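Residue numbering begins at 1 within each chain, and the chains themselves are lettered A, B, C, D, E and F in the order written.
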Amino acid sequence: MKKGIAQHQLGETFDYFLLIKSAAKGVASNNKPFLTLLLADTSGEIDAKLWEATPEDEALFQQGELVKVQGDVGQFRNKPQLKIQSIRPVQPTDGVQATDFIAKAPVNKEDLMERLTEAIFEMKNPSIQRITRHFLKTYQEDLLNYPAAVRNHHEYVSGLAHHIVSMLNIAKQLTILYPDINQDLLYAGIILHDLGKLKELSGPTSPSYTLEGKLIGHIPMMVEEIRVAADELQIEGEEVTILQHMILSHHGKSEWGSPKPPLVREAELLHQIDMMDAGMNMLNRSLKKVGPGEFTEKIYAMDQRSFYKPTFEK
Amino acid sequence: MKKGIAQHQLGETFDYFLLIKSAAKGVASNNKPFLTLLLADTSGEIDAKLWEATPEDEALFQQGELVKVQGDVGQFRNKPQLKIQSIRPVQPTDGVQATDFIAKAPVNKEDLMERLTEAIFEMKNPSIQRITRHFLKTYQEDLLNYPAAVRNHHEYVSGLAHHIVSMLNIAKQLTILYPDINQDLLYAGIILHDLGKLKELSGPTSPSYTLEGKLIGHIPMMVEEIRVAADELQIEGEEVTILQHMILSHHGKSEWGSPKPPLVREAELLHQIDMMDAGMNMLNRSLKKVGPGEFTEKIYAMDQRSFYKPTFEK
Amino acid sequence: MKKGIAQHQLGETFDYFLLIKSAAKGVASNNKPFLTLLLADTSGEIDAKLWEATPEDEALFQQGELVKVQGDVGQFRNKPQLKIQSIRPVQPTDGVQATDFIAKAPVNKEDLMERLTEAIFEMKNPSIQRITRHFLKTYQEDLLNYPAAVRNHHEYVSGLAHHIVSMLNIAKQLTILYPDINQDLLYAGIILHDLGKLKELSGPTSPSYTLEGKLIGHIPMMVEEIRVAADELQIEGEEVTILQHMILSHHGKSEWGSPKPPLVREAELLHQIDMMDAGMNMLNRSLKKVGPGEFTEKIYAMDQRSFYKPTFEK
Amino acid sequence: MKKGIAQHQLGETFDYFLLIKSAAKGVASNNKPFLTLLLADTSGEIDAKLWEATPEDEALFQQGELVKVQGDVGQFRNKPQLKIQSIRPVQPTDGVQATDFIAKAPVNKEDLMERLTEAIFEMKNPSIQRITRHFLKTYQEDLLNYPAAVRNHHEYVSGLAHHIVSMLNIAKQLTILYPDINQDLLYAGIILHDLGKLKELSGPTSPSYTLEGKLIGHIPMMVEEIRVAADELQIEGEEVTILQHMILSHHGKSEWGSPKPPLVREAELLHQIDMMDAGMNMLNRSLKKVGPGEFTEKIYAMDQRSFYKPTFEK
Amino acid sequence: MKKGIAQHQLGETFDYFLLIKSAAKGVASNNKPFLTLLLADTSGEIDAKLWEATPEDEALFQQGELVKVQGDVGQFRNKPQLKIQSIRPVQPTDGVQATDFIAKAPVNKEDLMERLTEAIFEMKNPSIQRITRHFLKTYQEDLLNYPAAVRNHHEYVSGLAHHIVSMLNIAKQLTILYPDINQDLLYAGIILHDLGKLKELSGPTSPSYTLEGKLIGHIPMMVEEIRVAADELQIEGEEVTILQHMILSHHGKSEWGSPKPPLVREAELLHQIDMMDAGMNMLNRSLKKVGPGEFTEKIYAMDQRSFYKPTFEK
Amino acid sequence: MKKGIAQHQLGETFDYFLLIKSAAKGVASNNKPFLTLLLADTSGEIDAKLWEATPEDEALFQQGELVKVQGDVGQFRNKPQLKIQSIRPVQPTDGVQATDFIAKAPVNKEDLMERLTEAIFEMKNPSIQRITRHFLKTYQEDLLNYPAAVRNHHEYVSGLAHHIVSMLNIAKQLTILYPDINQDLLYAGIILHDLGKLKELSGPTSPSYTLEGKLIGHIPMMVEEIRVAADELQIEGEEVTILQHMILSHHGKSEWGSPKPPLVREAELLHQIDMMDAGMNMLNRSLKKVGPGEFTEKIYAMDQRSFYKPTFEK
């Protein structure tokens, strides 16, 4: 397999296809315009400069476009930077497509969908089951495509579904170890907890925040969605309130965006499992990038900690 | 006018009607049951003990009942306590009714309703106007009866409407002083901001929190209500999102229950006007109870501060 | 089975054996001495007063003694209180013993020991295995008897071992779901994390804090123990440091007593599993005491939250 | 009217007069000295570089000087930067003066003075009136010239008086809505609250902090001034203490520089009105710079929030 | 020497003179009035109850009176309480006076005064010396009588001067060890730092807070006093500002009442020496009350810590 | 004496020996490698760039090497930067050695050692004395060479011993002023408190953190060392626990790395003396660099404060 952009060392030349994740125009000290591009393939990302950019360049090289690039891997302020020698839009004859250059979950969509369906199938409480199934049906396509977050953890295609399925796997084991847990509630909370992100974010790749996302946020948006769904399905009863509470409280504390803390056992567990799987996703991927005896980069969403990989790890 | 319970001094005998605000059974050190009652009229409240209570007493003297009481005003742990000598339920011939014994707003419902109607009438944006009018129509009765809060400020019958109307009055002047303010938005935010309390609290008098109130809270509940109302009225557009944002952010900070801070000018003003009117209501009522040169009791919702009334105040 | 003290209602008479968990002398308003006893059986505890206590009473009724008590269940400041009518020390002919009156883990010691042994047996890293086995051997008796804490969670005989074994069960599943986890490290961290409590607390039943516990605390004490053990076993290498780090960091934050936050993947997981199992222990036991539709008492170690048991729970 | 510096786009050439707000010398990578100037007119400010500056340049182009500049509007780190082609000091024949290039309050000094005089005239308490009038007389000139702050809000000529007069306008309406308010106290508090800034800041334009400002701060400085004024006017009585308290507490909390929180009703209102007018000043000016559907820049003094201007605003 | 009230054990009878530190009227459950007195001699304090108090009792037994008391030392809520059997005002023939019953500094006033004079005499900067001498002269009597605080540390007659002199002693040694220290500044700061308390507190014995104390506080009050003194002495120059800054900043942080943190070396030292001497005073007195191997009571002003006295201490 | 690097002004040429404190490779925008060196002599440090560095340069110019440098003092982002014209390794004939270019304590090692020995000699408690002497003997060499910290205070050769001896001097005076202090404990605490740094840091010059330092930290490491030493010396008794407690608590608060706050008088004093001497070291050195009437640079470890040197200081 071709070496990805993230595997290139300082001084090496890169010559292959990359996806433009963002593009911004600047003016150099010589008063000539240039483009700052963020280019990516599945191995990672790199900042790049296209000096003396023409208006045509500006029109061609925009976010979401796939390009063929040749350039040298240099460095600017301790970060790699690609100095572009030549760049052109991809052509049909290149035989490549954007989706080949986007990071994806390590599990395919069919398997993710199967596991979600299975979890809903196992539910015994009809109100909880119907509401959950309704959301899966309504949002299936987006759910299987969106990342779980803009950055930090599961920030890749199908990341949200991957995160949900990993959480369901933990939940399944915990209900065996602690049989008092209401599995229906916990499963439903896990499947629904972040669905508000499908409206908070603008799309599955290179997402930004929507106006509703900025002014309301995915948590209250999803609480509202459950009400609307329950009305539509003509479901009444405490199950609706409890599900809304689980969404509302799943960030754990008001400072983290939950106006109520978890006040139901399964809501507390949902919060803990969410933290655990997000943490493992960040930790494992960061630790993979370093060798034994080294510390990882600072992980932003884990209090900026650098983690150590012991020398006795393989 | 008859002297109220709060005007009775230590050692005086009280002999008139009072409303039972809460009732609880206890067992004395001699193992005999007794009742602890919280009794009230419009002048205030007093704790009372009915010693050696019979099962009949327990059945008769419950929350919400109006009773004729004779007893002595004593003291327990620095608070007045009524030692009941005799007590009986009110009779039709007594010619008194519960509503005469409940504190009310100093403005009558008709005037409050008129001011609310007027504010909605002044609105120019049809979406904002229709949504606000819809809520006023749907909740008119409760809105004119509920207190603004269980305790702290405007905690009396019609307190919520009184609070809203006072805020509208401040808002009207501010829109004159700062003409950039969108008056429609500000008025609508003020009228709607606490309507979620109509479902968060169990009723207009002696309210407790409902299950939804405890697990969801009035802020997300009202955000959801606006969505449902807009769907019903078939109103689309940014107005709905902005109104939801105003409700969501009106407590100002996540620690105070708003998952988003105010991010629209009128949302910021709504928060400030809410604090200002609540503060003036607490301050004025506390300062009325003390003379010049004295400090008020600690006001819980104002950081436990005691306020000073200067000697040069009349 | 005989009804325990916690199952007695207000006004009922209790007449059976109880264990004295604490005893304190007071002087009544009539200047006569009295004893305040905390009495317990496996169902729970009750405060009790022995009025007009003689010096003999004081000598007889001390912490740890088993007594036969007859008395009436009354109430003082909203808590049950036993008014003792008669009390005497237990006699050999009564055929009861203190251990029958102490709460115990719901799993027996043999099973706990077997699971611990099994976990150590599964370890592949000889340094980690030898250190862990050394501690299990040295402290086996205490480890199988001590509670996990003075209060809050697993505060019963064998509570520490019960907590450890529950954590090992979670850990086992997580290592299957996330194969990157170093199982040896995680298992060792779980088994050792709270062993410092064996020296921080004075004993397995009704424990108080030792001087070392108060001035040093179980975390630094155990870090030190690992060093001493490694020296004794002549084990060198990074494993010792990593194990010390896991103990040191397992409370997660400096405010919670860990001078370093977790900086190794398995240290982070140890912290999360510890919180999860402690939480489930507190939650399940609190929720058992209430019926559907009710809230639990405030749980001190979970931010004083009251949890709700939905009406649709059986 | 001539287009101001802030209206020039990237790439345009500017050729007109500007005021030097600050000047600093640097040494370029070629070891030649250069000047970094902050240049301004009433439309706004721009950073500028004068490369290869001579000692004469350094002597001529200092803070407070008015200059004629020709240069190109470029960009450096996402901020506009003027590359100076030619620059010379202003000459008498240019017919321009520094005050034409400084931002001013949107109300003229005479109107501000009239409103201040009127407020003092309305006061009924002679002690409060005499102290307030004394300060107005003593500091009239500076008061009508100083900004209200170095940055954030009302940071322009006459900004302090503009802020005071806006606050008086709010106060006037509030005393009508809440007649218990002591208007004399509130008016005096508003007029005096920030007068300490006349000594905390070095002057009305491009102010820096004085030594007293840095070591004592405007709040204790003004508390002290009131004492000195009262002594001079031979005024005694609680009014002096209450006025001092109002100054002392007007930042609301110890973390914000008030060693005592407001403990008098009018002190609390002063704090709220101060926040409200400062907020409206910042919000309105920031929102003016963006179009409907856009977010403002982050407003530093409002918790770094970006505010949204709805699309339905004109 | 007669055994003081604090040396009496539970059950013992007390029969001697005591000073009334506070007196409050209450009404018992039998509706009869009683007096709650706080009685003291130099050994300590005790709560006392005078049941069935007559109006004459109420008139006689007020704060500041010296009384002859006979009563039994009982206990109420874990604190000693004196049940008064008989009580009468002191008579001339008793030959005792109030000052014999008030705790005093362990150093006499003459020695304290001498040390203060000496410190001022050593000063070389005339401005600093004159201001400090001015205050010593003006407040000499009060300074030698007042406590350093209402409670916590040096809360006895001459406590303020005792605290100042102890701090001067530390300062003297530090100026030898760190010769860069400006001794004049440090000495002046120490002598003046708490003089504002002479106006913040109502008097030298059983002090309460004055209105100015409550609304302004001793720190801004003393900053103001220095300005007034400097004006009177016609002293100008930076010394005045620096002395004001030292007073203003000596609590170290805004949360502790200093609107500016120490920004001058000697201001920082003043803060540290103040904390050190206050701490030693509290610690030594608390540790004196316990034996080796015991913990002290919780010391409120030291973060509620209980300190341990090692068994190897004599 | 030759002018040090820190005394060179912008634009001057430097031509003398310097020590390389750190070296890092970069790639310039022209894709040529360069070296960023941090160069130092006893007067201070400077950043330097060696452009177009060859692989030989990279091999020669590494951390710890002494070099002869010729270059111009320029400026980059407001900090001085040396543009290297020529650089070569030092030669034997140069007659200079690395230790001449490292900042050292202003007291020599013999005097420091003498004072340490004297303090131990004065101890009366044999357990405390033997433990302290043991550590002095074991770590004498390192103790006399290490800095007290990587940065902030006493960050020079012999800094740790210098800090300890300054603290002993303060302690000596305090034990005279407060005779209750246990001098043995306080002296031992001072000598031992930071010895864990000898293992936390990699060496006496240009130290970095060891793995143990990062994962355990010097405080728990030293608590452990005391246990090991006591075992080796066969010392038992409370002295060991108290010494461990003093080390553990000497940072004062859990947020600052002490899992237990000081709970013994001498532990509290140790913390205060540590803060005082560290503060004086930072303050005096910062103030030396500025003239009267100026503010120091922000001092990082003193809450980023800039301190003022009064104009009346010489």
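The working rule: a residue touches a chain if its C-beta (ideal position, glycine included) is under 8 Å from a C-beta of that chain, and two chains touch if they have at least 3 such contacts.
Chains and their UniProt names: A, B, C, D, E, F = 3'-5' exoribonuclease YhaM.
All figures in this text were calculated on a predicted structure; none of them were measured in a lab.
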Any chain that touches subunit C (3'-5' exoribonuclease YhaM) and subunit B (3'-5' exoribonuclease YhaM): A, E
Equivalent interface to B-C, taken from B-D, C-E or E-F so that over half of the residue contact pairs match: C-E
Between subunit F (3'-5' exoribonuclease YhaM) and subunit A (3'-5' exoribonuclease YhaM), distance of the C-alpha-averaged centres to the nearest whole Å: 45
Chain centre separation (subunit A (3'-5' exoribonuclease YhaM), subunit C (3'-5' exoribonuclease YhaM); CA means) in Å: 41
Rounded Å distance between subunit B (3'-5' exoribonuclease YhaM) and subunit F (3'-5' exoribonuclease YhaM), as computed from the means of their C-alpha atoms: 62
Residues of subunit A (3'-5' exoribonuclease YhaM) touching at least two other chains: 211, 214-215, 238, 242, 263-264, 295, 308
Interchain contacts, given as pairs of chains that touch: A-B, A-C, A-D, A-F, B-C, B-D, B-E, C-E, C-F, D-E, D-F, E-F
In the complex, subunit E (3'-5' exoribonuclease YhaM) residues that touch subunit F (3'-5' exoribonuclease YhaM): 125, 166, 169-170, 173-174, 177-178, 180, 182, 185, 237-239, 242, 261-265, 268-269, 272, 275-276, 279-280, 283-284, 287, 295, 302-303, 305-308, 310-313
Subunit A (3'-5' exoribonuclease YhaM) residues touching subunit F (3'-5' exoribonuclease YhaM) - in the complex, by the definition given at the top: 10-11, 72, 74-76, 78, 83, 295, 308
Subunit C (3'-5' exoribonuclease YhaM) - residues contacting subunit F (3'-5' exoribonuclease YhaM), complex: 211-212, 214-217, 219-220, 223-224, 227-228, 231, 238, 241-242, 244-245, 248, 254-260, 263-264
Residues on subunit F (3'-5' exoribonuclease YhaM) engaged by subunit A (3'-5' exoribonuclease YhaM) in the complex (per definition of touch): 26-27, 29, 31, 211, 214-215
